[in-house]
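What follows is a pair of complexes built around chain A, which joins chain B in one and chain C in the other.
And then the complex of A and B:
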């Protein structure tokens, strides 16, 4: 897996197509994002614990926004899985990245990770190798949908009760790029409370995921209280898909709510 | 902690007392949530309503400073119903008969009167804790910061031993340590009476060992605690204070007294990463380094020694703390010449049995939990395995309930308790400089029960005066029924509305911890 990526990235760097490649590297036993700017560094490029959710997944697109802001004239490569590629597409529609300045190098996720994520498209359009996992059923959403409404509400309140307001869900989210954030604004939701105002804190964030959430699940993995945020946002995406036939990251079109 | 943090997830019952875990130890709260998810019983006892209580199977709000009575009441019920583990008591402990006698004085009805906790809840706590297969206790400053702090901890130990809820996986007694390295500071002998690894200065063999290791003659006298140092300055027996990474002008009780002492000292040296209110009073300020600027180790609450690696160079004139200490020692005539934190760790493991097997090479990855006596030892997940206690047999102490040092009266009719909020850490030296955290909670807020506020015409947002025998401050009030009638609560992170101007310096007679959690206070509306 990482050998194919290294070959591809080496090509891109040596031909001058990209100024740098944003991927992951291993440093003193820790895996983290790194901008590779020459071929010699590629030895330390890794894909981390590729088969599982966990510590080696990072919002590389979010890092790329910062890099692109600083070097607007340059083109950068970035490592993408299926969800990351959806993220890129959505970020293009929100004018947060310029598609002409980004080269995606794709890897497909293995079936076990696709299953754990219940991913609808666990591979990018182009991958460095061919094996692609199958799309998955949305069991987490349907199991909650199957509950009576009072039980469903009770379940979510129970989950929200655990929130320690670390803002990890927002801070890790590749689609959270606003300069001012509604969930941190005292005018909308009281700051300084634990748990944060229920259910408005989490519902505000869920509504703001409309036209944005590309179902990468990083929020779920970052949450220290194990709140199933991904399931909540999957449901929001389903509603928008049903009502507006729009799912962010699967199209180049802007969100239908952009016009509001 | 006698347990590892992960073990809490697999416990059948967790008894949380005097810990606002979601605010102060959120990552440990995660383990409690997971235990709950798996069906564990959660018991929460705290004078305030807390977030964890919302998910608890039993939530009680005991009156301030009544923990011994509450715990004796729980143990009374356990005895009464025969839920104690006589086999464990016989095999692994001593002194239980004296405890049995004392417990007779604490029937649920009487305890209910003292603590304000219903007899039914006392029975329920006793049942859940004693009869679950594996129960674990989690406590924090709500237990320790009392004139009966040692009594409170001993009572928890009594409870764990009489029910055999210690010495097996997922059972134990777990004080939560606050700072990332407060456990490490204590392990390194940052206490008045011990060398590294809790080796007492009063033991002649220990003294000899360190004299040989260091090539110096050493004192066998126990040193001073912080409150004793402050009064020592006032009486003239202490001349100089060297304060490292500590901010007593905000964290210690009776700030006016602390200020007088700092001003009276002939020399005050403060080593810190920011100019704190304490540094303002120093004759010499030495800039130390933050976590990101240094190599070394932190020892966390589960006794795990972890490596920290330097990410950025020290800022400005700042120097590594160990280098500063080394230079000062050398200039005082005792030359130190370590060349790295690793060299210091080599010495630590050579003189500290519980760190004996700890080397930098072995700390790569997940680190090691002490006791780790030798290079082959893989570290210790939980303490007192199979009922083998450090002193041999576990010692029971009969403990009678004592009221707090200061109680309410006509002049000071309300109780004041202090604590923390989730957005800030301790004296706010770091967190109040972080914009995101300061936006979340920018100022001190006094929590007042609506009934008490109503009597004084106080509404949320009003400024109020709080007065105790030590001092007076102004603070904004917030009405909430999360605090019981006749108690007010405020956090101590905020120097401009400094709760510790008010708090009591009365000390626990054994460990000298001040009674920061209880004092008597007068509340008035600012006109």
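And then the complex of A and C:
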């Protein structure tokens, strides 16, 4: 798979279409984000496979925003999976990235990864390989939905109780770009206190992610307490889809809640 | 234009979480936990997540300060070390070595902690040495 990406990226770099390619690099036994600026480095480009396929995914769009803020006139390439592409589309609508300055190089996720993510669209619109995994059932959400409402509430409170308020869910989130953060605002929550208020802290973030969360699951992976945040945000996304017929990143349209 | 992701180890505690420090043209802009680090596996605590904030912060002390006439003043390392050594010697002579205690640090290497306890025990002559977390 990565050979096709390398060929594509080499073309983009050599033709001068992009100034650099933000992807993943394997170096000294570790996989991490890296900006490739010349073709000779592409031997070390990987797609984030470590122990399992795609288990070392990183918030590349977030890195791209950092770069684009400093170099808004330059065009950069970025490695995208289905979720990352949804992220790009949503970030364009929120004016956080300029679509004319981003070249996405897409890869489809293997079925194994799609299943683990319960992803609705485990591939970008355009990808260098044709083999696409199938959309998955939302088993995590439906298993919690099947509980009686009191049990459901108890389950979430039990999960939220584990929170150490590291803000990792926010810090890793490629869609968190606000200058003033809702969960960093004393008007909404008590910022300097532990444990966080139950369930207001987590629900404040869940509500704030409406129209933004593109279901990449990086928050879930970054959580030291293994709180199933992805399941929570999937449920919130389902409600918004039902009420407003909108899922962020699945269309080029703006969020219905983006009224300002 | 130079964008770098540098794999390094968190300086805060003894766990040694691995992360990438993002920098653009020599300025730190972000911290990304390493998913392949066996210690933290893509997770960090709140302090680790904010490491990039303090390194180049304008309020960070970069030179030693000594209080002179009630005001903190920047001095050379030689002067600061001479001042500290004089004070420690005076305290030890006046009140004995056990009037001095040392706090080791989780932020430094084993070798540096070894040196500190050696200095406490063999240099000053006290067993009053403890970990910074008890401060």
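The criterion applied here is as follows: the second predicted complex is superposed on the first by the 253 of 260 C-alpha atoms of A that agree within 3 Å, B and C clash if a C-alpha of one lies under 4 Å from a C-alpha of the other, contacts with A are read in each partner's own complex, and residues count from 1 in each chain.
Simple rule for what comes next: a contact is a pair of C-beta atoms (placed from the backbone, for glycine too) under 8 Å apart; a residue touches a chain by one contact, two chains touch by 3 or more.
Bear in mind the structure is a predicted one, so any value in this text is a computation, not a measurement.
Trainee: Given the superposition on chain A, are chain B and chain C in a clash or a fit?
Mentor: Chain B and chain C clash in the superposed model.
Trainee: When the two structures are overlaid on chain A, which partner does A:16 contact: first (chain B), second (chain C), both, or neither?
Mentor: Neither partner.
Trainee: For A:29, select first, second, both or neither according to whether it touches chain B, chain C, the two together, or no partner.
Mentor: The answer is both, since A:29 touches chain B and chain C.
Trainee: Touching A:221, do we find chain B (first), chain C (second), both, or neither?
Mentor: In the superposition, A:221 contacts chain C only.
Trainee: For A:164, select first, second, both or neither according to whether it touches chain B, chain C, the two together, or no partner.
Mentor: A:164 sits against chain B and chain C alike.
Trainee: Does chain C touch more residues of chain A than chain B does, or is it the other way round?
Mentor: Larger number of chain A residues touched: C.
Trainee: If you stack the two complexes on chain A, which partner ends up touching A:56: first (chain B), second (chain C), both, or neither?
Mentor: Touch partner of A:56: chain C, not chain B.
Trainee: Taking the superposition on A as described, I'd like to know which of chain B and chain C A:71 touches: first, second, both or neither.
Mentor: Once the two structures are laid over each other on A, A:71 reaches chain C alone.
Trainee: Which parts of chain A are touched by chain B and by chain C alike?
Mentor: 28-29, 164-167, 224
Trainee: Which residues, counting only chain A, touch chain C once they are in their complex?
Mentor: Those in contact with chain C are residues 19-20, 27-35, 50, 55-59, 62-63, 66-67, 70-71, 74, 164-168, 171-172, 221-224.
Trainee: Applying the document's contact rule, which stretches of chain B touch chain A when the two form their complex?
Mentor: 22-23, 26-27, 29-30, 33-34, 37, 51, 54-55, 309, 364-365, 421-423, 436, 439-441, 445
Trainee: Given the complex with chain B, which residues does chain A contribute to the contact?
Mentor: So the residues of chain A touching chain B come out as 28-29, 158, 161-162, 164-167, 184, 186, 191-192, 194-195, 224-226.
Trainee: Would you pull the chain C residues touching chain A in the complex into a rising list?
Mentor: For chain C paired with chain A, touching residues are 1, 3-5, 7, 18, 20, 22, 24-25, 29-37, 42-46, 49.
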